[in-house]
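Next up: the structures, one after another.
Two complexes, one shared chain (chain A), two partners (chain B, chain C).
Up next is the complex of A and B:
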């Protein structure tokens, strides 16, 4: 049984937790509140936690200075396709590596895992040349195909494999006796049971795609094709200096869906990580 | 319903033989229990019948049809697993009807069969629950329900009661036996618990290291074990063994002589192991002097372990004996109930 903390110890623990929270909460707080401040107030000293005057026009300007709604849609649909694609591929690949005996399975899995060790900066130039030859530069295809068949998918495959390894073999044997084919066992038994792992894969992948920065700036050149992280850098004045309050308003809008998704799926996310034996 | 025949069935992993050429005939409607210590190959043999393990050589036939290369789903068998293997994301009713659903059975028939099976097993009020909402015994019943709903030719049980507590095990034992009496379908049941084997089986097959040591009815195995292994495995508490040399007046062991039956005369001069079941020991004035090591009163009987010469011997007595550890006691043997085994290879001596 857990020992009950004394009231004094509780105060100390909660106090320490509040102090530790500051570095995590402050940047978000600063981003959200500064998006409502005039530029002069953002850099005022001492810094103000709550704006003296609230300026809501920044949010309107976000949508007039850039095709922000279009960019929002670009990020959303690309992230959605990447997430669904990665979930499909990683669950099938993870299941195969965990459950199907085939020659050199472990060696092949190791080779697949090597994909995690190669930084995207190393592969970006050859990828650019490839997509240039395929006529896909300044389209969204590279932003969809590279993550689905790249490192995020490898990581997702690893997470799914670890989950499927932990599924009791007897469930599968019972399904075989019940008359299910291998594919049906996967779709009817293994996949529905892998929801926690799939949820964490979905969040990881969505976040990765949503925050993707290097690939968009390499592959995209027209503003109406930009994704959000790239669009954020475009809120500049005539001299190229950042328009801080508008940029922070755009950043707040960018972070919002991720925060909402994470808060909703938090439980699954943690469960999924626990299943893989990984720590977040 | 169908008979199951295994002919010279072998299983090897690389160079290691797990099952060494088993020949076994299981009659239609028979309840056969495969019993043996851990690692003897009983579960492997069952899985070979189920089609979950391939057969290295030999033949497995169900209902006269060789099924070596036939998928588990096409063997017309149903299996109950040790850990129940219920699908956690499906209700009891869906679990039970799942195999029928995948065989193209109509919804009305599935519902009818599920309700029939649930009725037999007392699961009707639980049909809408999920496995996580059930107790161990209920889960076990659902696993059986999932098997019987298909009315297969053969039921296979792989240690289905080993995860239950002792009391529930006794209840479920009775239920499975009653189910067999009701359905009269061929059942093959794997267990390491010889009490389960004795109480449930029409025929027991004792396995050891991938070989059949003996098969027969429970009482045949109990009364006439073919060798020392079977004699020691069947019966609880286990049979006592004392090794010595046969003389004209009995078995000479560490300075004492144990009286032997008349038939022992033909083994005079031979090294023999004598087996005596605990219930065939007596406490009597003319017996051999022994020292009490342990007294275990169980109410309806008393189990006593004594030191006789160099051998610890266990006796089971209907009487409530007023003995204490460390005290002396005179132990007698019902000589007509003694078993004799070759000290060399352990086979039974008649």
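Up next is the complex of A and C:
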């Protein structure tokens, strides 16, 4: 399969890929361009790939109809805390499960892996009641605590464990002979080496938090507490119908920064995910 | 030293373990406990009713349609996702100029915010939206995609596939690149056709990845919520009301927390059984394991 393709086969592969690309790329294009269309043009026929007239006022309305800047900040800071917290928790746990021998390690690892088997949707009712009792409903605590400590971080722990298992033991032995403590070995030797695995943990944790939808709509009820996914659907007219151009402008503001970062860093992104995600 | 090491081990895993107990295991016990109760939020009563909620499962006239929609969605999603991911991975596995650009573009929806992606598709799929507009320019009158049962189901599946197929594509691509070239060369010398090479070498060699990704994809498909909530709200009728969306409605819209908990237990059992079954299948399906 890896042999050089004939020119004709090359054209066919390129052609197939270009056609297949349409549903992957066009929606993003349509989102960005439609967000600049005035209402009168939004459902214009024939469809306009580029707006006839550009309307920039929708972007202002995004911020006046809702506390969108606040909501942006909510999503950003929650995702940042969850990402850093998950990296810490999962690298420590993953390291211990891979490298330290202690009684019941395997049994405990099995218990932790249960988190992979129990989708967070299963436990949403009791979690709601739990946070209700703690007075944390309509705060960001559930969106921070559950992902860092609960089921979503288990996958991260699993990835980190797989990575640490693959590290040669000799790297640590010299340090142990020198009498370094476990914590020092972890922070000075293991952690710096685990950068690729940590990077992919960071990426999928961030995306997971950034995309969270069920949990915010269950836990949050006031607009200034909302996160972005939840806020996007709130731009509706008096009849509850979506204000499309405004929703699309808000969606563009939500999606585009992440997309741009991805395109700049795509090599690390894709390869990090491929090389750590699948060695299960 | 060994004892100090054990202590270190426990300290390292403590945050994760405590978190799993507090946010997974305890809630799992609670959800089972709740499912044995009638819970009236307005009257603030919480009475033990034994298996009554479970009998309600049998009598719930919407439940067969909900389970049907769930099965249809998961089946459609997994089949479409896996085959498209494999096709894209094979295409991207060619030595071609600019292939990295294609890889990036196919992957890009994965990093587009889920609700943003869903909103655009919802917009495209309106009766007078972009897709029907384009169909009309070539003289086809498109359906009202999200308002008819069959097209609504197809729509939510397809929107989800394009969003996330990039992940499986990358995993397959990495697996394909791990297949030693000599195997293909040997097969070519023996005169095996491209299709034979695909069927007899490539598929068996990447079967562990296929198994792993199919488990992840099936479990993921059972968790679909945002797309349904944004695109169809479970409609028309209950045609796209999948189990998680139904659970959300019962618990958080109608405040039937007891019955909602029973549905949660059902979801848990389905996920557990599927995962276990696939794990067992591994022995028969997977030809090669590194």
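The criterion applied here is as follows: the second predicted complex is superposed on the first by the 251 of 280 C-alpha atoms of A that agree within 3 Å, B and C clash if a C-alpha of one lies under 4 Å from a C-alpha of the other, contacts with A are read in each partner's own complex, and residues count from 1 in each chain.
Here is the rule we go by: a residue touches a chain if its C-beta (ideal position, glycine included) is under 8 Å from a C-beta of that chain, and two chains touch if they have at least 3 such contacts.
Quantities reported herein were computed from a predicted structural model and do not represent experimental measurements.
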Mind checking chain B and chain C on superposed chain A, clash or fit?
fit
For A:244, select first, second, both or neither according to whether it touches chain B, chain C, the two together, or no partner.
second
Based on the superposed arrangement, let me know which partner A:168 touches: chain B (first), chain C (second), both, or neither?
first
So, A:133: does it touch chain B (first), chain C (second), both, or neither?
neither
First, second, both or neither for A:193, with chain B first and chain C second:
first
Output check: A:8 vs chain B and chain C. Expected answer is one of first, second, both, neither. What do you get?
neither
Kindly classify A:184 by the partners it touches after superposition: chain B alone (first), chain C alone (second), both, or neither?
first
Chain A residues in contact: does chain B have more, or chain C?
C
Contact-wise, after the overlay, does A:211 reach chain B, chain C, both or neither (first, second, both, neither)?
second
What does the superposition give for the shortest Cα distance from chain B to chain C, in Å?
7
Intersected contact list for chain A, partners chain B and chain C none
Looking at the complex, which residues from chain B come into contact with chain A?
50-52, 71-73, 77-79, 81-83, 85-89, 98-99, 102-103, 146
Within the complex, which stretch of chain A touches chain B?
168, 170-171, 173-180, 184, 189, 192-193
Which stretch or stretches of chain C touch chain A in the complex?
2, 4-6, 8-10, 12-13, 15-20, 22-28, 30-31, 34, 87-88, 90-96, 100, 102-117, 119-124, 126, 128-130, 133-134, 136-137, 158, 162, 166-167, 170-171, 173-175, 181, 184, 188, 194, 197-198, 202, 209, 212-213, 219, 222-223, 225-226, 229-230, 244, 247-248, 251-252, 257, 260-261, 264-265, 267-268, 271-272, 275
Touching residues on chain A, where the partner in the complex is chain C
1-5, 10, 13-14, 16-17, 20-21, 23-25, 27-28, 30-31, 34, 43, 45-47, 89-90, 92-93, 95-97, 100-103, 105, 108, 111-112, 114-115, 117-130, 145-146, 148-151, 153-154, 157, 181-183, 186, 207, 210-211, 213-214, 217-218, 228-230, 232-233, 242, 244, 247-248, 251-252, 254-255, 258-259, 262-263, 266-267, 269-270, 273-275, 277-278, 280
